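To keep things clear, I will list the structure first and then write my remarks on it.
Letters A, B, C, D, E and F mark the chains as written, and numbering starts fresh at 1 in each.
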Amino acid sequence: MDFVDRLIDLALEEDLGAAGDVTTQALVPEGARGRAEVWAKEPLVLAGTRAFARVFTRLEPAAEVRFSEADGARISGRAVIGSVAAALRTLLVGERTALNILQRTCGIATLAARAADAVKGSHLRVLDTRKTSPGMRGLSKEAVRAGGASNHRFGLFDGVLIKDNHLAAVGGDVREALRRARAHAPQLVKIEIEITRLEQLPEAIAGGADVVLLDNMDDATVAEAVRIAAGKVQLEVSGNVTLERLPRLAQIGVDFVSMGALTHSARAMDLSLEIVER
Amino acid sequence: MDFVDRLIDLALEEDLGAAGDVTTQALVPEGARGRAEVWAKEPLVLAGTRAFARVFTRLEPAAEVRFSEADGARISGRAVIGSVAAALRTLLVGERTALNILQRTCGIATLAARAADAVKGSHLRVLDTRKTSPGMRGLSKEAVRAGGASNHRFGLFDGVLIKDNHLAAVGGDVREALRRARAHAPQLVKIEIEITRLEQLPEAIAGGADVVLLDNMDDATVAEAVRIAAGKVQLEVSGNVTLERLPRLAQIGVDFVSMGALTHSARAMDLSLEIVER
Amino acid sequence: MDFVDRLIDLALEEDLGAAGDVTTQALVPEGARGRAEVWAKEPLVLAGTRAFARVFTRLEPAAEVRFSEADGARISGRAVIGSVAAALRTLLVGERTALNILQRTCGIATLAARAADAVKGSHLRVLDTRKTSPGMRGLSKEAVRAGGASNHRFGLFDGVLIKDNHLAAVGGDVREALRRARAHAPQLVKIEIEITRLEQLPEAIAGGADVVLLDNMDDATVAEAVRIAAGKVQLEVSGNVTLERLPRLAQIGVDFVSMGALTHSARAMDLSLEIVER
Amino acid sequence: MDFVDRLIDLALEEDLGAAGDVTTQALVPEGARGRAEVWAKEPLVLAGTRAFARVFTRLEPAAEVRFSEADGARISGRAVIGSVAAALRTLLVGERTALNILQRTCGIATLAARAADAVKGSHLRVLDTRKTSPGMRGLSKEAVRAGGASNHRFGLFDGVLIKDNHLAAVGGDVREALRRARAHAPQLVKIEIEITRLEQLPEAIAGGADVVLLDNMDDATVAEAVRIAAGKVQLEVSGNVTLERLPRLAQIGVDFVSMGALTHSARAMDLSLEIVER
Amino acid sequence: MDFVDRLIDLALEEDLGAAGDVTTQALVPEGARGRAEVWAKEPLVLAGTRAFARVFTRLEPAAEVRFSEADGARISGRAVIGSVAAALRTLLVGERTALNILQRTCGIATLAARAADAVKGSHLRVLDTRKTSPGMRGLSKEAVRAGGASNHRFGLFDGVLIKDNHLAAVGGDVREALRRARAHAPQLVKIEIEITRLEQLPEAIAGGADVVLLDNMDDATVAEAVRIAAGKVQLEVSGNVTLERLPRLAQIGVDFVSMGALTHSARAMDLSLEIVER
Amino acid sequence: MDFVDRLIDLALEEDLGAAGDVTTQALVPEGARGRAEVWAKEPLVLAGTRAFARVFTRLEPAAEVRFSEADGARISGRAVIGSVAAALRTLLVGERTALNILQRTCGIATLAARAADAVKGSHLRVLDTRKTSPGMRGLSKEAVRAGGASNHRFGLFDGVLIKDNHLAAVGGDVREALRRARAHAPQLVKIEIEITRLEQLPEAIAGGADVVLLDNMDDATVAEAVRIAAGKVQLEVSGNVTLERLPRLAQIGVDFVSMGALTHSARAMDLSLEIVER
């Protein structure tokens, strides 16, 4: 089963248990229909609309969910951005779960857009990380793209990233680590290696790394790395990256910068569901 | 299967897929053992240690995870707070998923502690809401308690909360809504009703509500509600509640205040896993 | 996934395995359609119709299942009460599983109706317990309500019930047990405490219990408890309760009586499915 | 996953939800250990002990459950029949689910034993049917064997049973139905055919049926069928079979009698779990 | 859930993970529709069409899959045999998984047809075994029937097959083994016993075996067994059976021959999916 | 849950259903222990031993499975290669499922070894494809590596492979297709594009493809492609590749050749489990 469906099922089950929504059972007749509007209550970048819709269609396959804008749209302020037509019970039961997702995906997209805007026009691409809320990897990665930033590897399977602990397992030998990774990895997977000292960079290049991750280096060191790499390998900066620092990094000329904050520290956006007809 | 296990499995599967951790497969020998330290890198309130441990024992049942402090402990700054002994592969594969959980649960507990501290010594209890990350309801609620705040209902099944839309379904008749809820609800479940105007309060009391939720009311109105209720019903304040407002609400004498921010806007704490032996 | 669906899937899988219905595969053409009538073959109270229908729609989403009466209806004797239109194979494959559910839910509703009738007009509410067939908690609780009786807590999560073993864990201190329960429990959950001696009742009241369960007490003791409680706490009688005793308990004036027999000893009703067109 | 485990998980989940046992969480310390005795409180035939134990080991793999007697043992009255050593929390959380199973399986075994006793010494074998509680097919069938009766087919896959509706699908042609069933069915599966009139019996024999089911026939008709069959086919009696009628059927000389009541109308036995050490 | 659906879900998940088809996401617009033809590129017997279709309807319930021939049809060479109309994304995502199934089921049916053809007109039935690809038991068994051969037991549950290791557990006593099997097995399940020496055959007959399996015996020994059995028991030959040997075994007059190769060594047929409209 | 465990569970469930192994239940005492030897009965390359072991530990966590050689070992002929110590029931129940896996994984590894041997000493790497048995992707890929060949992408998520149908979606514009793929794909994923005419090769190089797949081209055309590519892009040959052709392709100097036959047409190896102690 689809991962988003599994997360939604988990969310609905933790909210409903086997006993269900006792308030709605007691007060809302089974046959009653309703329509609700989705409201953005502050400026935001839209993301996660399919998952939002999926909450309602899991509960009632015939529920109709429509958004006036697609993921990636920039909503400038308080506005109706979508609607849900379904049984009144479905609206009430699904509301919280659907909003719990949408307010987070929009939060990520909105922050990613700020980061992408900060390097606009440059060669630098802003990447996310794997620091996502458990179960929300795919939704978070989509939201990052909706905001205009790019994705680092999705998981542990679609990219080799050799960190210090992996390197230690082969006695710190950069070239041997790269050789083994190349021999084992599927054909279309690139090899990235994290370095903590500039002295490792020439070896990484000689060993055939596709990308080198510069861990926690200051701007001067990064600039020196760019000079050494001379286009023979792609460079990624990671650690202590703020929105303010992005333009400087763009100018220095690294290829990628990754920011954990995009997915672990995005603020929930203010969105609501208002029932307008019943 | 346990909900936390299901969330962990979902998180591990989205990170590993069927292909697994290609870097670790390529570079780390299967038999190698390791030990890692869990570091808090800023002051925080600890929560989620069992789930953190569970990530590693799902991957390797014999993995040993120990924390020097229990959930609820206040860590004053940079410190080793736990350790994991397992196969080196297990450490590397589980690291990100385990930290993705712990940094969020500690974030919630830390924020909850600030809220609880703000009303210390008063009768007022600070409650969370259902605005939790999908799949993390239980972990979030536990973290709130670890921080010293209290739990509102867990889900839609362990409390009746009559909101405007439910009320509308019985033509706005507060007493009829309360009567139907009482007739339907399991024996040990309380009935709470949300009101938007003070005029509804006497009716809610007469109808036998256990708790009345005052939606988006200012301090003066809340004080008036306390006067009217006169102890015949419990009162909860919700909407526009900040840490700064808490002491005033405590003084006014409401019973509960609920804050969505505790679970939807807590910042991820800075924690890391450092491999120290292999 | 919905709990009723999970139970139905389990029931269908144990009946079909991976090999399926060999008789039907051998003899019934895949395209053949059919219509069947649901017969009540004795007087009964209807319950479980949605789950009955669900068995057929799990097998064939377009199957049409209709009942002429809703759950809670009292069927006075041999009568057609519903129909199923579906592929002939669906009818034959689903028949036994659907009836296995319906004959049990109707059995529970019918017994619950007898109990509810016995206290009609009084203040006393007859409650079920958690002594339900594994996997049938929700279906059993619904059937109890269909019969006109009420639900005790659904599970271990929507009510605190302090029994002797819990009490022992705090050294038998009734007030301390109540205090801890109140501090831990979600906001809208009531606290009930079981007592075996009348001496514990005043303490339970002083400690703020919402409900007190009188375990295995005779009518005279129950009457004394009612006198002591004096409306300050609700009282529930449990243990050795028969249909015959119910009117006496109603007269004595307790609030609740709980009967395990409603769900663990209800007789299966006689129902059948007759294929009438093919 | 094993079917019994799936049923137990379903039962535990409906009882615990994501919120868990709030009473036990509030009052019982996590580390506390306990021991409980399993009591039979009336005479019964034991069955379902493995499933009973499994409830506790699902919750706590190291829980130790022992029974002094094996399934099939006849317990003559009030007695301790087993014990459970586990965390006190495990005992309290698992108690109801474990007893909900055991009281039903013992009920079935006890009733099956009465039926088996009624035909003791004769050639007649008493069979169960597929009229089992959803999800409890395997546990019910085992309980029937524990009581000394035998199993009809387990599900729709391990035996061909041609009923009137199947027969109608081939125009009522008994021999054609048998021919098709033989051609389709796996090699080691027998073919049984239900007849409602004695005239069908010779055809069933000629068509090579392995077993013929005599549906709702009185003793005289059954005796005539035995005479006609003359050992060329096995005969099964079904419908309106009571414990009282069994000895007569044994004397008439049919091979099998099937009784739905064994699994759908067995009374729950009175069993309890008493915590004796903590 | 249906076993074929579970296998398809597993296959789709291992191919898609949580990240999905990155190529299709990048290049194929979400709304684009397409139509594809299913091509047989060599002569084959068709089987597995329902499972093939199911792959696409799992991805998109409204996908339309049609085959011009039913399972069992003999396709004489290069030909269009079916079509799929769906979203272009669905076609591209499902293609490989659907073909991975179909090329294997057709391979089995094609080999089974060769075996069935080799004994055409005789009494001998060619059976499959349990040597199927994990998860493909049902699909393999159906394919064997589509090819015109027959099914041995489906699994361990729909037939008793006493092998040497089972026999050893009762001290090698053939009659005792048969007696215990009969007492335990469900009513409609036959008993087969494997023998390695002709001396065991009379005992097997006397003990009431339904079928005797002659393990790894040459034609002369098999002929002698047929003479001894004299129709009192059915005989199955197993081990070292080739297509070439089948006509001789048919002439010798055994009832069954089982061939593991039908399911474990069938070659994948050459089939493809060609997108013809978009 | 782990994909291999899910496949094993599916395989065990289709073999056992809810009814289980009736033969073993009837004849083998529950407490009996046994030991079995795993026999290779022909020369083969070992693969899949962990999955083989997992079948038994799923049934009985304490089962002990040992192999004298690791995956990748070349077994030169009839030999004991491993052992299983477990309950006798576990051995009998798990035998077929465990062998059904091992005989297939060893078959793939053995064929892969022949292909790898054919290009030994050259720069050419032999790759598998996604033409694996449903549910066995991971096991098949591991077996290919055990045989000494390499893995193409694991699924649709760890590599971009632009085929004609994807290209058609952007009007056949190779550079635009590559541009979009690069923009969308995760950072560490390479882009491969399939071409059917040599004229497309310069465009693919100019567009920045990482790998170009030469579809169904003869040796002369492949050689011309190598000349054009001149090391600026990696080349893969696919279609009509036999073991015989491999040395020629190695000499021509392409980088990769992919062979569907490695996983879809490998013959099952002859392996057995012999119980030697009980």
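Operating definition for what follows: a contact is a pair of C-beta atoms (placed from the backbone, for glycine too) under 8 Å apart; a residue touches a chain by one contact, two chains touch by 3 or more.
These figures come from a predicted structure and were not determined experimentally.
Chains that touch both chain B and chain C: A, D, E, F. Put simply, chain B has to spin 120° for its C-alpha atoms to lie on chain D, with the angle rounded to a multiple of 5. By count of C-beta pairs in contact, A-F exceeds the other of the chain pairs B-E and A-F. Ranked by how far their CA centres sit from the centre of chain A, the chains are topped by D. In whole angstrom, the spacing between the mean C-alpha positions of chain B and chain F is 45. Rounded to whole angstrom units, the spacing between the C-alpha centres of chain A and chain D is 52. Contact of a single residue of chain C with at least two other chains is seen at positions 3, 13-14, 17-20, 137-138, 154-155, 157-161, 183-186, 189. In terms of which chains touch, the assembly is arranged so that all chains touch all other chains.
For chain F in complex with chain E, the residues that touch the partner chain are 3, 6-8, 10-11, 13-17, 19-29, 32, 88, 91-93, 96-97, 99-101, 103-104, 130-138, 155-157, 159-163, 165-170, 177, 180-181, 183-186, 189, 264-265, 267-268, 275, 278. Residues 125, 127, 145, 150-154, 157-161, 183-192, 210-211, 236, 256 of chain C touch chain B in their complex.
Remark: chain E residues 13-14, 17-19 touch chain B in the complex. Listing the residues of chain C that touch chain A in their complex gives 1, 3, 137-138, 141, 154-155, 157-158.
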